[in-house]
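Both complexes below contain subunit A, partnered by subunit B and then by subunit C.
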Partner chain A sequence: MELFFQQIVNGLVLGSIYSLVALGITLIYGIMQLPNFAHGHLYMLGAYVTFFMITHYGLSYWPAILFSVAALVVIGMLLERLVFRPLHHAPHINSMIASIGVMLFIEATARKMWGSDYRRLDSPYDGVIDLFGLTITEQRIIVILSAIALMIGLNLFLKRTVIGSTIEAMAQNREGAFLVGINANKVSLMTFAIASGLAAAAASLAAPINLVYPSMGAMVNLKAFVIIVLGGMGSIPGAVLGGYILGLAESISGTYINSEYKDLAAFALLVFILTVRPTGLFAKEAR
Partner chain B sequence: MLKLIDVTVKYGSSIALHSVNLEVNEGELVVLLGANGAGKSTIFRTISGLLKPAAGEVKFMGQSIGGWSPDRIVKAGIVQCPEGRKLFPEMSVLKNLTLGAYIHRKDKAGITRSLENIYELFPILYEKREQPAGSLSGGQQQMVAIARALMAKPKLLLLDEPSVGLAPLVVEQMFKTIEKINRDGTSVLLAEQNAFAALQIAQRGYVIENGHLVLEGAREMLCDNEQVRRAYIGA
Partner chain C sequence: MRSFPASKWVVPALLLVALAIPLLTDNSYYLNMLIMIFIWTIAVSGMNMIAGYAGQLSLAHAGFFGMGAYTLGLLMAKAQMSFLVSLVMAVALTGIVGAVVGMISLRLKGHYFAIFSLCMGVIISLVIEKWESLTEGVRGLLGIPIPKIGSFEFSTVTSQYYLILFFLVLAMFVNRQIVQSLVGRTFISIRNSEELAEALGINVMQSKILAFVHSTVLAGLAGALYAGYLRFLGPEVASIEHAFEMLLYLLVGGISTLWGPLVGTALVMAMMQLLQSWQDYRMIIFGPILVLIVMFLPHGIMGALARLKMKRQSVLPETIDNENRVIEKGTTDRRLAGGEIDA
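And now, the complex of A and B:
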């Protein structure tokens, strides 16, 4: 039983990270109908920035995370401005292909600059906490709590502020948003900034648990896409719930079936859910 | 106030509007009559910047606005209540209205005043303010759409078929409301298939067929015109 609860905690840690990445993809998809295939690689960049800020520049953990989030916010905005905005009036497939191009570009750049080595970031929080008989490292608690705080913050921003609600307005009715005077370009820019910032935060939180390497974004990316298909494309609650479902499924199947099969479990789950609900858990009604 | 000069609009290679000339003066209520697919919505979408004219000029208060982005046109004072309403269905009525005042978002007191006016005009929206806009009946959603447009305090209000799909009693009420909005100082361009009701409240009108403006004139002239009577009033 103790093992089971231990795996629940591990699943929540994984799920927190997946959800933050999936949220970014779903936000961008919601307003631009663009599946940003490069998102996992923004996550990877976020991990590297945090890693180097700590190991090379001697920042402590939290300032390094803040710096990494800020850097990725800028990179996300540059991507929107330089790559995706010029393609706005082009056929839809062009921006999808561009996002694959960005993905390859980021990964190749990372390999060239930093090599293909696996790097390890030591957690400043490597103590363990006893919680109801479970031993949990402090870092894992930090991941879960920070992710929840970020999700609550994002939700408040989207629901309670006028600027935040322009993102939802554009996702719910694009032309309706234009006709009340919302500037599409500003909203796209802001959405890319938020999504990239969330990816950097997720990567920085996970960096002390996982390893940092140039292709680390690929699997996270694939999982995040599984999550938003599973949760319903463009759905915010779907991304959060989907993230935790996938995280828990992986950690539990990895323990009780075989850890070799944990990635398989994710995709088996996807196939199963899409068989039962082809449009995803929180699909928007057809408009 | 608004002037379309020889405006031509194309969808791909097919021409949707052929050199349209149309004018709305300050304080006027002008009706645009035409059947489904005649080009009414195309004119509206072009004025709002959702479509770009292939040729010709759109002028508003002395400025050439053809080619401006939709949000810039809203800021200039032209606000559209579009066909199909285009509400934010999962947001509450109140949130839809608040976003309607997006361009005035810094003026909190002004928004509160506008909301009071709206609730006076459409009391039902006050009762439904916390409900998702998508859950309202068709007539109520139409009220939200008009109210959302009014929240932007337009100088010129474009109404694209506000009566479509509404019960006759509601239509009558809707036209009374539009007349009141116009009396209170907002210029209105109204697209309608319901020519009889629209001509009751309009001062002038245009008739559009297959992308050509075929007739224009004062209300009396259009009401007496044999062609209009046959085609749109059914008398």
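And now, the complex of A and C:
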């Protein structure tokens, strides 16, 4: 039983990371109808920035995360401006392919600049906490709590501020949003900024638990896509819930079934659910 | 899209050159490269059928390529079956799996289909990598015997060259027949607007499955030829990077053009060979090229040539414009139809 609860905690940690990445993808999809295949690689860049800020420039953990988020916000905005905005009126297959191009570029650049080595980031919080008989490292607790804080923050931003509600308005009804004078370019720029920032935060939080390497984003990216398809593309609660479901499914199946096939669990789940419900679990209407 | 080749002599001339190359040179480096170009062209032309003509971007094709390769490899190496039987079985298996996957996945539209097919590709490559008792996993599958038809052994590079050239010509011929037939027009009508095609009485689902199965069969065939040629397989043949590379070849050459797969594959693979010493920079160069192509040359080299020529001849300039407008309108409509989002 203790093993089971341990796996639940691990699942929550994984799920927190997945949710944050999936939130970014779903936000971008909601605004631009673009499945951003490069998103996982922004996540990877975020981890590297944090890593170098700590090891090379001697920043401490939290300022390094802040710097990484800021750097990725800028990169995300640049991508939107240079690549995706010009493609906005092209057929949708084009911007999807462009995002694949961006993805290949980012990964190759990272590999060239920093090599393919696996790097380890030492956590400043390596203590262990005893919680109801479970031993949990502090870093894991930080991941779970920060992810929840970020999600609440995002929710408040979208629901309670005027700028945030322009994002929601545009995701709900593009034409309606234009009618009330919302600037589409500004909103998509902002969405890219937020999504990239979330990815950087997620990667920086996860970096001390996982390793940092150039292709670390690829699998996370694929799984985040599984999540948003499960949750309904563009749906924010779907992304959060889907993230935790996948995290838990993975850590539990990894323990009780076979850890070799742990990565398969996510995709098998997707195939199964889409076979039964082609629109995803939480989509509002049939396509 | 039919305007290239301009004169009816281009195709026979190209074929003649292709047939003559092994007589002119026995440099196995060049022959090897041509063989690889032919193999990947077959696979890319399959991708072109489903993504270019039927408009459903499938990223599972590296998986099907790997499936074809491993089926032939395993049947020949472990079950001691003959080359031809293994080839037919490999093609049949990818076709059957393609039909099943297609029946499930083609109910999904647009991005959902692309993502689902991406996941299918990952599943296939993970299965190949992890099922070590069957595929030998990351150690790789060794000991595939030399392909033999009757008593003739395809042991030399030249004989392999002709074998694979034969299948390339066959694949391109079949593709041409399909594209110019009513079936091909059905595919295109689905790409332009599924709703409209349905309203015209086209069985959309059936046509999409047909296009998908045809494309997986071509990917499986290419994979099987690859296994028969290299006689060594590693799980990375099925990796998702190959699907992205195939997409690059297709886009450079020209999506939904008959000659695009050949032109794109030949050009990009040749460039990659030239940049061999720049191995690390390959994707740093090709990633942005992919972006620039969708921005400025969305129909690739062959599409641009066809358009240029049609404009120069200015036989019916309105038709091109009309065609463009119809395609664009179709896609816009599709976006609006599928544009409901819940946040």
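One rule holds in what follows: the second predicted complex is superposed on the first by the 285 of 287 C-alpha atoms of A that agree within 3 Å, B and C clash if a C-alpha of one lies under 4 Å from a C-alpha of the other, contacts with A are read in each partner's own complex, and residues count from 1 in each chain.
Operating definition for what follows: a contact is a pair of C-beta atoms (placed from the backbone, for glycine too) under 8 Å apart; a residue touches a chain by one contact, two chains touch by 3 or more.
What you are looking at is a predicted structure, and each value in this text was computed from that prediction instead of being measured.
Shared-chain residue A:162: touches subunit B; no touch with subunit C.
Touch criterion met: A:264 reaches subunit C, while subunit B stays clear of it.
When the shared chain is aligned, subunit C comes close enough to touch A:30, but subunit B does not. Looking at the superposed arrangement, the partner reaching more residues of subunit A, out of subunit B and subunit C, is C. Contact with neither subunit B nor subunit C is seen for A:130 once the two complexes are overlaid on the shared chain. In the superposed model, A:172 makes contact with both subunit B and subunit C. Shared-chain residue A:112: touches subunit C; no touch with subunit B.
In the superposition on chain A, A:183 contacts subunit B only, with no contact to subunit C. The interface of subunit A with subunit B overlaps its interface with subunit C at residues 168, 172, 287.
Per the touch definition, subunit A reaches subunit B in the complex via residues 162, 165-166, 168-169, 172-173, 175-184, 287.
Taken in their complex, subunit C has these residues touching subunit A: 51, 55, 57, 104-105, 107-112, 114-116, 118-120, 122-123, 126-127, 130, 240, 244, 247, 251, 280-284, 286-291, 294-295, 298, 327-328, 331, 334-335, 338-343. Against subunit A, in their complex, subunit B makes its touches with residues 48-50, 69-71, 74-75, 79-80, 82, 85-91, 95, 98-100, 102-103, 105, 148-149, 152.
In the complex of the two chains, the subunit A residues touching subunit C come out as 29-30, 33, 35, 83, 86-87, 90-98, 100-109, 111-112, 167-168, 171-172, 174, 218, 222, 225-226, 229, 232-236, 260-261, 263-264, 267-268, 270-271, 274-275, 278, 280, 283-285, 287.
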